[in-house]
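Here is the structure we will look at, set down as structure tokens.
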Amino acid sequence: MAKAKWMVAAAALFSLACGAASAETKIGYLPSTVGQALTQAWKTGIENTLKGQPNVSFQALDAQMKAEIQVTMMDDFINQGYNAIILQPIDAAALTASVKKAEGKGIPVITLNTDTKLPHAACVTMDDQGAGYLVGEQIGKALGGKGNVAIIQSPPGAQAGVEREKGFRAAMAKLYPEIKIVGAQNGLWNKDKAIEIMNSFLQVNKQLDAVFAVNDNMAEGAMIAAEAAGRLNQVKIWGFNGQKSTLTLIEQGKITGTAYTNAYDQGATAAKYALDLLSGAKKKGDKTDVVVVPPFAATKDSVAQIKPEQRW
Amino acid sequence: MSVSAIRRLILTGLLIAIGIALSIANPTFLKLDNLMTMLQEASLTGIVAIGFTLILITAGIDMSIGAVIAITSMICVNFISYTQLPAYIYIPVALAAGCAIGWVNGFFITHFKLPEFIVTLATRGILAGLALIIAVKDEQGFVKNVFIEDPVFLSFGETVGPVYIVTIVFILLAIATQFFMKRTRAGTNIYASGANPTAARLSGINVDRTLIGVYMFSGFCAALSSIFLAARMMTAMPEFGIGNELDVIASVVIGGTPFTGGIGDIWGTIIGTLFIALIKNGILKLGLSPYIQPIVIGGIIIVTVVADVWYKHHAEKKATQAARRKAMESKEVGA
Amino acid sequence: MSNNVKSDLLLECRGIDKNYNGPQVLSKVDFSLRRGEIHALVGENGAGKSTLIKIVTGITNRNAGTIVFDGHDVPVEHNKNASEKLGIAVIYQELSLIHGMTVAQNIFLTKEPLMPGLPFIDIKKMNAMAQEMIEKYGFDLKATDIIDRLPIAQRQTVEILKALSNKASLMIMDEPTSSLTAKESERLFKIIRMLKAEGITVVYISHRMEEVYDLSDRVTVLRDGKLVSVLEGEEITPAEIIRLMIGRELTEDESHHKMVDKRDREVVLEVKNLSAEGKLNNVSFKLHKGEVLGFGGLVGSGRTELMRAIYGIDAFDAGEITYLGKSYSPTVEKSIASGFGFVPEERRLQGIMGGISITGNIGIANLDSISSPAGFVSRDKELERTQTAISTLNIKPANPDHLVGNLSGGNQQKVVVGKWLIRDLKLLIVDEPTVGVDIGAKEEMYQTIDRLSREGVAVMVVSSDLPELTRLSDRIIVLRKGRIIKEFTEGVVTEEEVLRAASGIVEGGAK
């Protein structure tokens, strides 16, 4: 009996759902996690762009750094009939199937920083490898081509982090072969873990001249550890991204530098791209349209060039 | 009425009620696509939960299921990346590996009389580490999550009509397992070994062999789920499955298989699995914070278990009171 | 031995020896069973009954002797499965039944009928077969009943059906009536006689003499691991069986342990009409200062339950307790604070914490007296008190840090007593004081109890060890089925008298 009733109710609601297809445009934002300055800045950038648009709604979900969860959430965006998705894939391979599925249903996907394996609408990315190379150059120059450096890495398989590290190592190998890379460990993108790793670097290496953390959070962690060990002035710490707090620390001289990207701008670019695709102003091509946001080496001397409204 | 019958009735009622509430709150809930992807997710958990149900029926626990998922997917991508072997060869190998891990668990538990929790927690750690070690790496030694392109392998992630293959496999496996448990001697032996191992031994059941078999089946189920997960995501990751044990345990326990052994069945697990999947989907559909998901699931576990214990205690108290009264009366006569 | 002519003996054991790497448990025991007889096996606790049964059923192996079952020699390397194949079945209380399964599933476990040509259980057929057996014996059961919901007596009949389905020719029942009501016992006896009529041999082990007297064709009496006698027909009388079980003449020492009437002294505890459903029935007695009051009775007669009720562990339904002239409703905390001490029966489970030191064990019961007002434990005081207990009770080794789990049984017992000793002890309850304790430690325990009673402590002792009970007590109360059935107050009481009372063979008692 109960079942029969349920079926009737289900059928009724189903027809209701189909009938009430809204004219509203829904855009979903799905970063690896919402708990970071970078993903927050992107969100702000996207929201500011969409704010002026009539009939556009916006929804962000937190994938909590787990690829399986992100795939589930992608499915949910697709099933709920979103019109476009802005995605920061946790893993390039793991999200490819989801992106393919969305595009197959006519939903354009714009990826941020991490590209996926199959073609989709666009990828708005920082130049990870190029920026990593830039950091390498800066550190090498400052050390005079000699010394010990360590790397705080991203989780295995996180393409963006890996690219940054690759660029950095390439600069070292090519320009400063005498600089030794004495350690490299996975900081899981997070500050606490980075403190732990930096502590071990400091204990093992009596002489440590510089550390490259592949994001700012981890650079801040490294700074905390070095400061606690009383060796902050002996170690040059470089981060990546250029979030507001890190820029302030650079001004204070606690962190040496970071590869700054205007994340507001990047988020806005992605949102604009989505709107253009939906309005027909842009056409989707056969290949992923890669939009590169150029990096900028922010140090104590150059940080003033980043205006307050550009800081995130 | 029996505890399990009441529970099943209540859960089914709740399933329907939540379903109706969700479809009112968010009409996209009832879209065929949504229901099917929800079932796909439920099936991935559900296949593991079938094996885990048998484990709980023997009064054991298997903490290694998540790690088995990880290592199995790593075995597959190794075959894909480094060999030309076809899927119909390496998939059976990967499933066999799941069984082998189950055998190791069962062997240590029965042969050395070690606690199930400790043994499987140890294998969990070892397998999780091994998964990272055997993960495919790029030239510089970074873990590279291989993008799987083998069409035979990927077909595991496809649908038949609107229904995902994993859902069909889940249903078939559930029916077969239920039938096995209720209608074969081996199944009966599993119940007996869990309810009262001493009695089972006295009745001539080889309890150790039964337990080893159950752990092998659990390993097999986890490995099977891993293949479908990897096919769905078109890649394999060394952290696959790890941390998903809560969903599996919750599905089984909510389904009415208690930790005490000897009781439980697959039907309950199916309902429990659907229940968890519905809750997870519902949280997304209602736009609630995904962080409350583990809280809700944990809460449901506590509520169902407390309700069980309360009901059982209540029933037992009534029974013993009646028995005592009866005993006293006849003692009066006998004395 | 094995020839074609079937002897009228189903089982013949000769010269069975058994020792568990130490004391001889059985020596040169002969035991034979005729086909289709009901044969009782009796003896005091520790006489070797269970060991003999374990050897016959293959749970343990003999050191020497021969066993012939149904014309076949049974090898020394006997085992449970082999004995089952021979047709030997043991009816356990409920040990071998699987909860959650139906009667039919239990009866046919591991030998379920299958569908022809398939590996699948034919449930319909299985239920029908079980129902047929049930009806044949007229049991009050349904094949589809779930075991958990059956009372003990009915579970036992399921056990019997299970044995019958195994085509057992010998059924061994170990204390089958210990948890049955009188009515249920009667029905079991009917079943046993039915089995006999079918030609099945039944070995019946019981402490209840009237049952043995009623049922048995023959009785084998064991004492201290030796065969004493095999009684048959007219020779079987309860009094004779008890005489043979106890056997030994009273020693000088024992016969001189007279009871001492201390009933003129101050009353410490008075129990009036104490009743607890299914456990205790109208129990009343008085306990006096410095008196050792012994409680005899069979296992399950309500002795332990009475002690637990007085100490406040279990609730009771009716009756009152007066302690030192004031009405007293016991709880454990109150009892401890009022100067009660309790040394429980299951020492390992209830009396000690094995992984903790002697100091820790003694401190835990005395936290009130060794803590500062703020609640911090004074380690010095704790140690001081432990040292006192160690020296007064002669606990060995005399090391306060020694883990109690590593002490010998006797010393563990002393620690439990020591917990209470160092308090202002007024009333000590001791349940089975010397189970699992060696002889030397036994005597020390007796002396401790004697000394405490001289110091004015009122003591209640529960013991199934009859020499111990008569040795310790100033007065003995015998319980049976939750009631006081007999009280011995003066003169010399013999073990035989106590056992007769406990078995219900008593002037004015039951039956």
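Labels A, B and C are assigned to the chains in the order they are written; within every chain, residues are numbered from 1.
In the analysis below, contacts are C-beta pairs under 8 Å (C-beta built on N, C-alpha and C of every residue); 3 or more make two chains touch, one makes a residue touch a chain.
All figures in this text were calculated on a predicted structure; none of them were measured in a lab.
Colleague: Examine which chains touch each other and state the graph shape they make (line, ring, star, complete, other).
Modeller: Looks like a simple chain-to-chain line, open at both ends.
Colleague: Taking every chain's C-alpha mean, which one sits closest to the mean of all protein C-alpha atoms?
Modeller: Of the chains present, the most centrally placed is B.
Colleague: Please name the chain that ends up farthest from chain C once chain centres are defined by their CA atoms averaged.
Modeller: The chain lying farthest from chain C is A.
Colleague: Report the inter-centroid distance (CA atoms only) between chain A and chain B in whole Å.
Modeller: Between these chains, centre-to-centre, one finds 35 Å.
Colleague: If you average the CA atoms of chain B and of chain C, how many Å lie between those two points?
Modeller: 44
Colleague: Express in whole angstrom the distance between the two chain centres, defined as the mean CA positions of chain A and chain C.
Modeller: About 73 Å, centre to centre.
Colleague: Indicate the residues of chain B shared as contacts by at least two other chains.
Modeller: none
Colleague: Out of chain A, which residues touch more than one other chain, so two or more?
Modeller: none
Colleague: For the complex, which residues does chain B have touching chain A?
Modeller: On the chain B side, the touching residues are 13, 16, 19-20, 23-24, 26-28, 30-31, 33-34, 37, 41, 132, 135, 138, 140, 142-148, 157, 229, 232-235, 237-240, 243-244, 280-281, 284-285, 287, 289-291.
Colleague: Under the touch definition given earlier, write down the residues of chain A that touch chain B in their complex.
Modeller: 2-3, 6, 9-10, 13-14, 16-17, 20, 59, 61-62, 64, 66-69, 71-73, 75-76, 78-81, 91-98, 100, 117, 156-157, 162, 166, 169
Colleague: Could you pull out which chain C residues touch chain B in their complex?
Modeller: 80-81, 84, 92, 95-101, 105, 109-110, 112, 114, 119-121, 123, 149, 151, 162, 181-185, 277-278, 281, 480-483, 510
Colleague: Which positions of chain B touch chain C when the two form their complex?
Modeller: 179, 182-185, 188-189, 191-192, 195-196, 198-200, 202-205, 262-263, 319, 321, 323-328, 330-331, 333-335
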